[in-house]
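Next come two complexes built around subunit A: one with subunit B, the other with subunit C.
Now for the complex of A and B:
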């Protein structure tokens, strides 16, 4: 385990930023967000960012290809450039887990090379939680907020920040910072973990379980009559999907530049009326079906296709942001458990 | 109040006046209220809630609800009745299928402000002007005024402009300071104002929550969702488009927006979208005389009316435009 005095944190950020691009969560209007580090920027005191960290690997929009028209010829241009190495500092345990969920979508055959390019160049420094909120339920999905995944895991105490490398990328990052960080024992980290675990034990959503969900209850859940009341007030906006760290659906569209086409992909939302629209129309014509799709995906279809792994990390963003406060927790409470 | 409302709703269900009740349903926490339809006294007793966190404007749901079988009871707060009236005026709600019970409101609490004031909220006890908040990290007292939603701080009216019956006394139209921030923006230079809005709108994630919650946005198919329109988009082709979305929307609801403030309440990025609408309201007031959308169901709105003394387009130059 390595250690750095908190007063040295700006120096650490500067040292990382000297070699590669560094992003960290900072305070901003409307809530914390990830920004590129420049001198003077400091780590937010907020628990988490409004938007998740998925943008780093799966941005809201990106250009996939360009088509240029010249006479009767169409030139196809790949607009990609090799991504530069970057470090994302201060990713919470929930978001850190979301990357391995996204990997299961984008890195299986056929591999999404746009995603892979970014993933390979990114180093994740996760930050253990010390003050979870009432909306947190990462425990439900077996995530340990006191010891998050990542290339490097960091623990921030009152006067120091501790680091432990968990991958080769993480080893390399810490090796580059050896002038600043020193060897330390893990007493303070152990103490923090124990203290935070006590808080985790009294979180109001501690009792929430995934019991009753998974790949083998597909038709039972699909046909549950409760979807009607659950989806009744849904506005059909995309807030839950867009703040969600694991929602990974996208649309591909063409933008007419006047002398060619820019083909881009952008986040899509199953809540939208034109989601998966095809020549015959939309397969889900009511908000009930669209609403059901989102939760069936996370709680049934995803585990069915991914060895039981659920498509939710319990970050609580949808709980905080849904305009009508309808969310996965309410769905799980209503539809969970074994049914006759 | 909540108990009175439940009793009244149960009575109206029992005597057949209505067959269901549109209200607010308790959540997992003290503040996460969901609009819901109740069909029995049992449901009302176990889940119905009306308290300081019931901010949702229920009027827009009546577009759909009023097209279902039977009559629906809807509890409307004073500001919700303006949205309701406006929707009646636009022939969007079938009035005969709705029974409105006006309920008093002394301002609703902003959950965003509440969470900023107290971290890890487990419970909230309202004690007059003080909120006793139990958090994961201890007890904290918060001033109710400090966490009141912005739209409630500058409340325009405690008067119900539409109802079949009222619970409690009706209030008055209030003197409101709601245009103060608009005046501040007007006093800025064009460059400053442009920078202000570019910064605010840069946070937009195009979730459409503002549009979908807006009672004035009741088009069957929004132009931004219509592939055939040529401007349908789920994300911006460039960052300026994000800004245009909000400006176009503000133009579209101009003269119809009642200033209910739902757009700003639901914005996950806390963009003060209501300021765009308030600018239009203020301009309409100044150019065509005081007008409050939703105040009645009969009058002609300034922007859809013509009078000989209407201002000429050149007013733009007289007001300093270029």
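Now for the complex of A and C:
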């Protein structure tokens, strides 16, 4: 384990940013967000960013291809230039897990090379949680907020920040910082873990379980009558999918720039009415069906295809942001549990 | 599929022939700028066709893989992209990526079997690929029946090929039907599901259905009535698709992605999925 005095944190950021692009969560209007580090920027005191960290690997919009049209002829251009190496500092345990969930979508055959390219160039420094919120329920999905996944895991105490490399990428990053960080024993980290775990035991969503969900209850859950009352107030605004770290549905659209066509991939939402609309009809015409699709995907379909892993990390963003206060916790409490 | 390095970046192909099939269906023949077929495929597989700036859509490949020269797509005019395609001329370039999907089990489950093809309207497009594959490898399959129906005689796709080639292939029986009486038509009149029941096929056959959802539903019910089991019946599905590789989420039904795990399903497999197609 390595250690850095907290007062040295700006120097550490500067040292990382000297070699690679560094992103970190900073305070901004409306809440914390990831920004590119420049001198003077400091780590937010907020627990987490308003938006998830999925943008780093699956940006909200991205240029997939370009086309030059001349008469009857078309020229196809791959717009990608080599992606630069970057470091994302301060990713929380929930968002760190979301990357491995997104990997199960984008890195399975046939591989999404846009995503893969970014994954390969990015180094994740995750930051253990010290003050989890009442909307947090990562424990439900077996995530340890006191020991998050990542290339490097960091723990921030009152006077220091501790690091542990967990991958080769992480080793390389810490090796580059050897002038700043020093060897340390893990006593302080252990103490913090124990203290935070006590807090987590008292979280209001501590008792939430995945019991009753999984890949083997597909038709039973699909046909549950409760979807009607659960979805009744849903506005279909898509905010939940927008802030969700694991929602990965996308649209592909062309834009005529006036001097060529640009093809973009943009985030989309299964909550929208035109998501499945075809020239001859729409298989999901009601908000009930669209609402059900989103939760069935996370709690049943995704685990069916991924050895029981759920498509939710318990970050709580949808709890905080849904305008009608509907969320996955209510769905799980209504449809899950022992009554299955 | 895994050997395709950039699956979301299409390649350019040139339209070398446009055949008017019906008032709203045309068949487009395409080759690469070098004059070659863009890629190999399995009958039942699809490809993403696009006119940049207009749109991109998943279309079933209607030509047989045994055709080594070119690839064909029979396309009904019904949306932005298809309307644009219908108004273009020979020589136009478009883009293609694929092939996508599982295709029909032509070299496994279908082998040696008597095959019963049942199509309605533009639903013949994906089946034509299998029918011509089977005709080209005639010795590998048993007797072939083709039941094909459309609204009118003028709406029968591939009419010339059906009459001149399919009807003259040994071991192939073609049964055509149209929805309503029409002058100059002395064939059968009536809907496909009823016609299938009237014809009353041997229940040892393997059936392959494609057409409007309502036709598939009633035909499957009709086949079950005359003794077919769902495990003997295959169909191919259509849903909105954007990526073709099971990632964009649009064609997700239950634990399946129609673009990747389908579009071909055995009808008993559909029973295990939510009815959202």
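The working rule: the second predicted complex is superposed on the first by the 336 of 340 C-alpha atoms of A that agree within 3 Å, B and C clash if a C-alpha of one lies under 4 Å from a C-alpha of the other, contacts with A are read in each partner's own complex, and residues count from 1 in each chain.
Methods note: a contact is a pair of C-beta atoms (placed from the backbone, for glycine too) under 8 Å apart; a residue touches a chain by one contact, two chains touch by 3 or more.
Because the structure is a prediction, the values reported are computed rather than measured.
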item: Partner chain(s) touched by A:15 [first = subunit B, second = subunit C, both, neither]; value: neither
item: Touched partner set for A:325, first subunit B, second subunit C, both or neither; value: first
item: Subunit B versus subunit C as contact partner of A:251, first or second or both or neither; value: both
item: Partner chain(s) touched by A:1 [first = subunit B, second = subunit C, both, neither]; value: neither
item: Partner chain in contact with A:279 - subunit B first, subunit C second, else both or neither; value: second
item: Contacts of A:29 with subunit B and subunit C, given as first, second, both or neither; value: first
item: First, second, both or neither for A:268, with subunit B first and subunit C second; value: both
item: Partner chain(s) touched by A:188 [first = subunit B, second = subunit C, both, neither]; value: neither
item: Which superposed partner A:199 touches (first subunit B, second subunit C, both, neither); value: first
item: Intersection of the subunit A residues that touch subunit B with those that touch subunit C; value: 251, 268, 277
item: Contact footprint of subunit A on subunit C as seen in their complex; value: 1-2, 4-12, 52-56, 78-79, 82, 89, 91-95, 238-240, 242-243, 245-250, 252-255, 272-274, 276-277
item: Complex interface listing, subunit A residues touching subunit B; value: 29-31, 47, 50-51, 60-61, 131-135, 199, 202-205, 229, 232-233, 235-239, 241-243, 251, 253, 255, 262, 264, 266-269, 272-274, 277, 319-321, 323-327, 329-330, 333
item: Sites on subunit A touched by subunit C in the complex; value: 64-65, 67, 69, 72-76, 78, 105-106, 108-114, 215, 218-219, 222, 248-252, 254, 256, 261, 263, 265, 268, 270, 275-280, 283-284, 289, 293, 296-297, 300-301, 304-305
item: Residues on subunit B engaged by subunit A in the complex (per definition of touch); value: 27-29, 31-37, 56, 61, 111, 115, 119-122, 135-137, 199-200, 203, 205-209, 211-213, 221, 225, 227, 232-237, 262, 265-266, 268-271
